[in-house]
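Each of the two complexes below includes chain A, the first together with chain B, the second together with chain C.
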Partner chain A sequence: MGTGRADSEDHSHGGSSHGNFGAAGEYSDLDFDPHEFLYQFNTGRGEQENVPQDTYEENGRTVREFTFQAIDTTVTIAPGIEFPAWAYNGQVPGPTIRAVEGDLIRVKFENLGRHAHTIHPHLRNLNPEMDGIPQNGPGVLNTGESFTYEWIAQPMGVHFYHCHSLPLKEHIHRGLYGAIIIDPDPERVAENPEEYCNFHRSQITDELRADLVAEAKTRNHESPENDEVNEMVMVMNGFDTNFDGDNEVYAANTRAFAYGVGDTDGRGNWKAGETKRPIQIDRNQRQRVYLVNAIEFDAINSFHTHSQFFDYYDHGTTLTSTLQTVDTVMQCQAQRGIIELDYSNHDPGLYMFHAHQSEFAELGWMSFFEVV
Partner chain B sequence: MTGDFRFDAKRLTVSTGTQVRWTNESEVGHTVTAYDGQIPSEAAYFASGEFDSEKAARNNVSGGLIASGEAYEHTFEVTGTYEYVCIPHESSGMTGTVVVK
Partner chain C sequence: MSKPNTDGGTAVNRTERPLGLPKWAAALLPILLLGLIAGGFFAATPFASLDTGGEPLPDVSVTYTTLPNDETVVVHVTNNGPKEVTISQVLVAEAYWNFDVQGAGGDNTLAPRESAEVVIPYHWNPGWDLEVALMLSDGSTVHHTIVAPNQSPGLTTELLLTMAVIGLFVGVIPVALGMLWFPFLQSMSDRWLHAILAFSAGILAFLAIDAGFEAFELGEQVPGAFEGTALVALGIIGALLAVQSVSAWRKGRAAAGDARAQSGLWIAYLVALGIGLHNLAEGLAIGSSFALGRVSLGAFLVIGFMLHNVTEGPAVVAPVARGERPSILHFLGLGFLAGAPVILGGWLGSLAFSPTLGAFFLAVGVGAILQVIWELREMISRNGQAASALNLITFLVGLIVMYVTDLFVAL
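After this line comes the complex of A and B, so read on.
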């Protein structure tokens, strides 16, 4: 196993030792597929078998109901390297929840693991009992205990959920976290446009209002305009495999180099592997990344694109970008945002993206888009 | 299955045709779930909840739970080594082995 070191033992032949970093070998444990995870949005319609779910109307609201169970499970973080995780529904990151603003998210949580856990959502939550912390509501849930959390889906954006048991550091880095995506309601955007941009109500022109509504439709999974966008979830994380309070393996979506290449000679040639392969994207399609930073121990994480600049929407809570034309953003833990990418002018081929902490990149958080 | 999240005995050797019985002597639920590919190839898959694969068992953890005081039984017909796990406590070390001679 050679995470983060040059694969070649012979340094006299230049090319390979300097051009080829990454974990050797392919993943053999296929229980979790980071390529599938990118596109798994649970809206209550049964998108994932390991996430019992339902959607129905109740008191004039759409309810999206999910069953979450915390278990102590083993996850593979690099070929041949397993990590003793604590996980919601057996996966790290936990299942992505998706709802439309104003919906009710109902999570029937049962803790089957050995340690006490909660689910704390980063949402605008009006009932303190539902905050998922030790000091409120049901507090921590011991092995075998259950509680049903109810959260109003607000505000629009990309959000974070995680266990809030103590010690927090350990409960987060063991794997109890995931993403919640709240889509805008285009009708609400038309009525309250000033809540979705950095302009005062008096500054909203008809044109701006129409632009905001159009943008909202691209974000709402129930609108046909959303089908035109290729949307991906990336949760940046790390793993402290020897429990020394520092991460040894980094990734977007748990598996080191899973969006890398299978093989390269370091001379510009590469091959896709079975499990380690670039994310293929259609250059004519708009690309959107829901980016969340779950990293523990390191103060910040980052996302950097090669040969590409993007617009960034911090927390995803606005429909006008908060950063324009950047190729790097950083996030502290729990920070998240939406990245909008356009490759329509790029030639087909391989475009790298990674954390611009070189250490993180060399220890796993290094990826590629293959533009086709 | 004992109160400190382990199988007792962790490794058990029996002869063919033996019925093994796991009794949950703890206060919390556990599963007995064979690892796919870590049982003899001719042997039938086994799991509490009567799932036919590890994946099916993992997709329905509750369905495999043996409640406190209850038991699960399986008869081993084929010689070889069988590795199994308690799904909700895997990374807490709750795994076991049955060797059939």
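After this line comes the complex of A and C, so read on.
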């Protein structure tokens, strides 16, 4: 009579005898919250306290101005594990910058770290002085030095910025990198649609033009259509904690397993933790991931969704997808792209996503969407 | 005010009141001053300017691992460093895994020289190497590979019995068989008996060399905090001095006319003790190999051990071949002392093998054996020439026999 019940009780708290993988314990350092980072876009309107910023008009152009400071700090990368990081404004990944095509991005950069740093943007930069490399412009900035970088926000897409000081491997993997998102200007898309798809100008139909403009509006944070989309930034990174030239921790947005379940018995039951919990998403909303690969020491990284296929826009520089209906994409270092997800036909529940290098997944780059 | 005093022919001037202090105060003075200076250091911190905030590196070692069942891995760790360390995460085969630290006072932090067990629920595969890494709070990692994992036997009466039977066959029986050469030894001339004693010394010398290398090798696995190499050296010298001082005391008694202290029985017991300590270490090796599931105690291996140990029998009884034959009880005692430690070593080795204990036992055995070789040399030179051609050759034969039979018992 009571056997079945006793059996199920046993399973609910007994835990699997095989043990469970995943980082033990919760995060105690709450300075950085990967769940908040997903949605933190700095457009110049003061979105983040630790990123002084402003937006104004100058010579008929919108300027988005940010103050960046490189500092030496420690970041928590797994429960109980501190990593000595070099970070823009104290966070890894660095603050996400967002602008609209054609804007001027002005970054007032001050180096407060012990080593010389720069900021190198992966943008179409017409002034080589602004490239943020040791051999050009102001070169590397020593401790206490400042420089104001100015970049034209082009092309549309999801881009990467990082320190270009040498040794490059160390300056990147210590944490000096982040994402820049350039939204399309719908008016410009209407005028030059061929620049946003793989068709020749002669092939552009009115219907295609309208589709491209509509898609551009969903990407532009100043359009009401953009509010319909849930946008997330994921910077895939890793940390070599013991200096052996290989990463001990892998993650999307720094913290191992931060988007994992808090606790599970391995038999289908799980509980969200305080700091380790799935990303909750609304199944009726369109989901977009701005994915950037910042991994050091490994040749590639990847993004794989369970029970789901998506369209992928490599570098985000087109409004028509570069890959349709795939469940895995691969990126080399600095490669990035936009992932468009639709869970409207899925039952509510947990959907896993992770790097499909098993090693990376088991070392922290293992996450879940909780579709509600 | 002083008066001359003699000590072994050296004249010294003894001062009754050094520095004008009573003797006890003079003895305590340096200790008192040391205490004051040490106290002053804590109070005044005169080297504060030298404290650059440098941190000693964490030093944690995995002493051994046990696999109590097919879904548990237990890693035994010791903190060797001068500061406490925290085990924040555990990786098994390059994957973060849940774990429990036991024996560190309820948390994951180990004080200097503190040991603990990291218990990992993991369904390991027999024979498939398993890499475990402990990740400390500063991100440094301590790697340990469990080569070809096999279940640890654990404490059962069956195991105790098995080790006792093994010990009986590889230790007690061969030594007892070897002792049966006693009547034959009695019938020998002095010249040949000396040759047999030299042969025994050769056997012992090989055991000392073999065990010495093994002790230093094992000493490298000893957690750094216990200074494995120094511990082995201390064990060897300590045992040598301890046995030598007992021997010197015996000679004093013999010189004073104590008949019992004069007999060769004493040397026989010393030989038995030295061989017994060696066999204890042999038992430890068998037991730990057994515990790791590394040994198949087939007939060949047991016969190898028997061949190896049978030569130890005559070594034990050769010193009593002259003079009055000791009682049968002494023979039983000698055989037990030389052979039975294999059983004890087997138990210790299979239950709680620790490299520290193993290296120390081996070192003590080496020290005891070195003293016994010295003792045998004295015994021969009492009414013969120790370094005769025949004796040197039999000494060499002893070394070679042990080397050859040792090849049969590679664990």
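List of remarks:
Keep this in mind: the second predicted complex is superposed on the first by the 354 of 372 C-alpha atoms of A that agree within 3 Å, B and C clash if a C-alpha of one lies under 4 Å from a C-alpha of the other, contacts with A are read in each partner's own complex, and residues count from 1 in each chain.
By definition in this document, a contact is a pair of C-beta atoms (placed from the backbone, for glycine too) under 8 Å apart; a residue touches a chain by one contact, two chains touch by 3 or more.
Values in this document were obtained by computation on a predicted structure and should not be read as measured data.
Contact with chain B, but none with chain C, is seen for A:T73 once the two complexes are overlaid on the shared chain. Residue contacts after overlaying the shared chain place A:Q331 against neither chain B nor chain C. Looking at the shared chain after the overlay, A:G364 reaches chain C, while chain B stays out of its contact range. In the superposition on chain A, A:N253 makes contact with neither chain B nor chain C. Contacts of A:N50 after superposition: chain B is touched, whereas chain C is not reached.
Judged by the touch definition given at the top, the superposed model places A:G113 against chain B, while chain C stays out of reach.
Taking chain A as the reference, the larger set of touched residues comes from C, when chain B and chain C are compared.
Look at A:N301: by the touch rule set out above, it reaches neither chain B nor chain C. On chain A, the surface touched by chain B in one complex and the surface touched by chain C in the other have no residue in common.
Those residues of chain B that touch chain A in the complex are listed here as 5, 27-29, 55, 58-59, 61-62, 65, 87-92, 94.
On chain A, the positions that touch chain C within their shared complex are 15-25, 77-83, 239, 241-242, 248, 256-257, 359, 362-364.
Residue ranges on chain C touching chain A, taken from their complex, read 71, 86, 88-92, 94-99, 108, 120-123, 135, 137-141. Contact residues of chain A toward chain B in the complex are 31, 49-50, 69, 71-74, 84-86, 90, 110, 112-114, 143-144.
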